[in-house]
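Scrolling down, you'll hit the structures one after another.
In the two complexes that follow, subunit A is the common piece, with subunit B as its partner first and subunit C second.
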Partner chain A sequence: MAEAQAPGLLGGRLSVAAAARFAAPIGLVVVFAVFFIATPDFLTTDNISDLLVSAAILLVLAMGQQMVVTVAGIDLSVGSNLPWAAAVLGYAYTHGWGLAVSVVLALLAALMVGVVNGLLVARLNMTDFIVTLGSLSVVSGFTLLLTSGNTVAVNSGFLRGLAINGIGPVRWFWVLAFLVAVLVGFVLFRTRTGTYLLSTGGNIDAARGAGIHVDRIRLIAYASSGLACGIAAVLFVARTGGADPSLQTDLLLSSIAAVVLGGSSLFGGKASVLGSVAGALLLQSLINGFTLVNISQYYQPVAVGGVVLGAAFISRFQK
Partner chain B sequence: MHNHTVRRPRSAAVAATATAVTLLVLVAGCGRGGDSSGSGSKDEVRIAIVTRDFTNPYWAALRDGALAEGKKQGVKVEVQAGASETDSTGENAKLSTLAGQKYNCFGVVPVNATNVITPLVPVAQKKIPILNLDTQIDADASKQAGVSYASFIGSDNLSAGQQAGKALLKLMGGKGDVAILQGIAGEQNGINRQKGFSQEVAGKLNIVATQPADYDQAKGQTVTEGILKAHPKITGIFAANDTMGLGAAQAVHNAGLTGKVSIISVDGITAALEAVKAGKLSGTISQYPYAEGQLAVQACINLVKKKTVPTRIVAPIALIDSSNAAKAISSFPQPFVPFANPLTSAGK
Partner chain C sequence: MTDTPARTAGDPSPSGSAAPADPPLVEISGLRKSFGAVQALRGVDLTLAAGEVTALLGDNGAGKSTLVRCLTGVHPPDAGEIRFRGEPIRLGSPDDARQLGIETVYQTLGLIEDLAVWQNLYLNRELTSGFGPFRVLDKKSMISQSKDILSRLDVDVPNVRATVRRMSGGQRQSIAIARAANWGETLVIMDEPTAALGVRETAAVEALIRRLRDAEVTVLLVSHDMAQVLRVADTAYVLRRGQTAARRAVTDTTGDELVGLITGAVEGTAHA
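For the complex of A and B:
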């Protein structure tokens, strides 16, 4: 059934340029179709439910990355900002400050990293790549200092429930990730700030000339990415039952890949929240499907990288 | 103008995504999942094993042992892993993917003490037996989450550290300065190995440097180069695993000190056995992840058939030095000395 409809959709109405724009949603359908044919275990309620939960952390990170990419920036610090916020949560929780306070502190800690990145990039005009590469390392060090390098167990029934339960079949992780995506979509496409973000990314000099406070707009973008790391960190702690201080380089790379797969330009000015969501789901579906059909672990990075390169190739045709 | 360019692709994207979602729902509605529910009788053993990563030969050997035993016994064994030694969410996602499938026994090596507990909750609720492999999972957190383990299968790392201490004492003539390369901070096996080593050499050897090298060969080499500069008088190095030991051996070799500085590490991976044979590494305390994998599959078969298994199964360890390296290589990945297997002796 999927086989019969998917090619019809591709062949009939969409031109190459349009296909390029919808690379991620189309890719997602193709990947689903392929795994559906390959194994009966893929398209089951249980597995799709699990896939969406697994994708939630990446999805939230990708939403933050989306904000930064929109202003033609990049945030490499998410790889250490997430474990940092998780470590703050773990530290506060194990010191008996209660879960609510710990979560708020974690969000603030992550937001702070985002704000510092934003100030360095926007006010001091330092190169985004270098600033966030630097903070990737500095924040990772702070995390190790705070935890002495140890994993901090966060034994909270509430957080565990957040990871396992939901309202009926709708899991809490989806709800949170969905809300974050809707919020980012709303800010980008329905508010003046969003218009400013897109204009700043499109042409910073023109935006400045038009009277937009480009410094403030870029600061907002980096702060949002920081906050997204904080939210992702809460999900991370809920899912892994603790705060692991190790760098999360896989999540960092995937967050950028998801945004690029989604059709946003790394040169800024063009954003697609739905694309980024599809990109994140696509990356997670690949891992999930490969696990089910038992493709050797060693091939998985090759396949994931291949998909990203394929998306880059298709996006050449984008106007 | 600006509004225009922003909005058009977006509404088109909404349409495309909506189409995609509708398709998925339609396809899901066709109910492919129903086909498989009939297959798989109650007695059929289906084992899922999840470990940290396969870039470390140690876990690759565990996988090979489990797969070989599965083939021998004619049962389905699936082994999956995360992307790196510290990929706590990746491993977690793999485990929760497998937990949704029809496996009736799980074996898990955690990345840290807690990262696998949450995805194991639904497994435990379905009363599917779980084996804790190699590295201990936090007992209190597991209990609160309602997860319990049928058995722990792993090596005694404290004893491995002690044996390494004994071997290094002998090589260094019972005195001198020694350096320790630690694994990833907070990783329990590494802590136990170091503890065993330190207990054994206390009051005899002088530990002048203790540095983490994260179970990484390149880091092991860099850190050792630094240690050799800061403490040129050391005559011994204890590395908490083989990959770091190999890095240390390279640093010692580059400094022209091979033979003057003795190096003992733990794990018994092939590269380390070869290095011992070539005289670059003084010795390795070989654990047998291959045997661990075999034991896990045997224990799972017993559990599915409702036979009891011991709550703690200790996998064998042995010192490999220049005298027995060739023998160890030829019998690899099997232990070259027989060990008492509590499963085969009690099982059938």
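For the complex of A and C:
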């Protein structure tokens, strides 16, 4: 899916540039090797199966973030959009609106946040960073207002089955995450819209000059990220059995980190879906392994942040 | 076609009496454009003959860029007329110009560095196959036709799958020109195409412009380089302070005269 790259021209830089491009897969292998040596519990069928299930949520979020990063934007509202959609799901479900309606409402609620972000960034030309930082706060407030700050339990056999079951050893979560990743890869690299997303991120003036409706393209990117938050929220509720309005702000950093680790440029125009998938798996493996070897969970944010800084350092050599 | 006195040069009045020939591709008369108190264009007259390379000369601030932007629909003119194949037209947006087959190569080139050469050649004109929402990029066709486009114009780009980032300045300029020439069915406008290039790359781009002329593409070339104008153009227009100062057939003029016309040292016979 990634574009074909000729081998590096400068011999000395070759290894570093290659390391930058494949930071996430290389890191993934290293993390697997380290935890495999550290504990016999890591590389077991059960643990890997669970690891992939927890990675699915991050992966879906990262796919949305990938769309926004491709157009040289950033979506910080992810951190509160997921709890918001989860709360909408919980609210609707506990008010007896049925699961199907509740899920659709959750997806729409998350999509709406993305559309508003997109309109503010693309139409009103406001700075993406500030817009999504603002909506991060606004949306978290909405969530607290909706739930009065209480966790909403969602007792749905269907959702529980979604989290636990699958086709044979293949869990439903993997299937969903895989489909989302394939869809994003398809859109980015096989359709006109994808070319427009990459062009808008790569050189917005040139894209506009070529007659591409860059406003619409940026709106599509932010809306996609919103929708991805909605899908991730459904998975989250399925996995935890409820909606906690104060949950999971570390998913925000992780979703950006996965994309950066994957080799996409934060300046836009360069996307790697496979890289972002590897990035998400890498971060989730870190957290999983830390838990297994009994390292205090307080070290997890340190490790995640360290990996992100490392990726940023390596990407300096990417050219 | 009957006798076409196209570029037998030296004939200062193409709209001459008896010839019932086709109207020129573009005829601009009395074009005016102001930005607030600044009068960028104060009555420009200019004719682009089909299949010729017309050079546009002038000092900084003479109005060259504004004129180009009027022709590409970026700035609608305040007054005056633009006739296209004899018909008066209004260019309200770049899309209008593009629809008439007018393509422009700006100094910024408008290429997307991280996309492949073929993607840039087909930017916003992608070929697709399939139906409805499942329309998929037809990469194979675009890649093979990109090779054709470039080889037809003898542009030296070894691999159309490589990203533009890997190309030299001359290659980039050539790709941008090839793209404009491929889609610009009627007129290709180039804004100082060799300003940022070295000697050898400049020669390659000039050769490309000559090939466009051989292929009877109409070109408007904005340039600062007198020698270049004499090498590749058929006709030269000189703008001075927002007005047409002179029109010269390239065979009838010299670099010194053109410089004089630009600076005002030589009095132009305006409204040629």
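Following the convention adopted for this analysis, the second predicted complex is superposed on the first by the 303 of 319 C-alpha atoms of A that agree within 3 Å, B and C clash if a C-alpha of one lies under 4 Å from a C-alpha of the other, contacts with A are read in each partner's own complex, and residues count from 1 in each chain.
Rule of thumb we're sticking to: a residue touches a chain if its C-beta (ideal position, glycine included) is under 8 Å from a C-beta of that chain, and two chains touch if they have at least 3 such contacts.
Just so it is clear, the model here is predicted, and its values are computed rather than measured.
Student: Tell me which partner A:Ile57 touches in the superposition: subunit B (first), subunit C (second), both or neither.
Tutor: first
Student: Between subunit B and subunit C, pick out the one touching the greater number of residues of subunit A.
Tutor: B
Student: So, A:Phe173: does it touch subunit B (first), subunit C (second), both, or neither?
Tutor: neither
Student: Is A:Ile212 touching anything from subunit B or subunit C once the two structures are fitted on A? First, second, both or neither.
Tutor: Second partner only, subunit C.
Student: Once the shared chain is lined up, is A:Thr291 touching subunit B (first), subunit C (second), both, or neither of them?
Tutor: Only subunit B; A:Thr291 stays clear of subunit C.
Student: If you stack the two complexes on chain A, which partner ends up touching A:Asn203: first (subunit B), second (subunit C), both, or neither?
Tutor: Touch partner of A:Asn203: subunit C, not subunit B.
Student: Please indicate which partner A:Thr195 is in contact with in the superposed arrangement: first for subunit B, second for subunit C, both, or neither.
Tutor: Both partners, subunit B and subunit C.
Student: In the superposed arrangement, what residues of subunit A touch both subunit B and subunit C?
Tutor: Common interface on subunit A, subunit B vs subunit C: 6, 195, 198-199.
Student: For subunit A, which residues are in contact with subunit B within the complex?
Tutor: That would be residues 1-2, 5-6, 9, 18, 21-22, 25-26, 28-29, 32-33, 36, 40-41, 43-51, 53-54, 57, 144, 147-151, 153-155, 157, 160, 163-164, 189, 195, 198-199, 236, 238-242, 244-248, 250-251, 272, 274-275, 278, 284, 287-288, 291-292, 294, 297-298, 300-301 of subunit A.
Student: Which residues of subunit A touch subunit C in the complex?
Tutor: Against subunit C, the touching part of subunit A is residues 3-4, 6, 190-192, 194-196, 198-199, 202-203, 205-207, 209-212, 265, 269-270.
Student: Which residues of subunit B touch subunit A in the complex?
Tutor: Checking each residue of subunit B against subunit A gives 2-3, 6-7, 9-10, 12-14, 16-17, 19-20, 23-24, 26-28, 30, 32-33, 35-36, 53-54, 78, 80-81, 83-84, 86-90, 92-94, 96-101, 111-115, 117-119, 121-122, 138, 140-141, 144-145, 184-186, 212.
Student: Per the contact definition, I'd like the list of subunit C residues that touch subunit A in the complex.
Tutor: 94-95, 98, 106, 108-116, 119, 123-124, 126, 128, 135-137, 159, 161-163, 166
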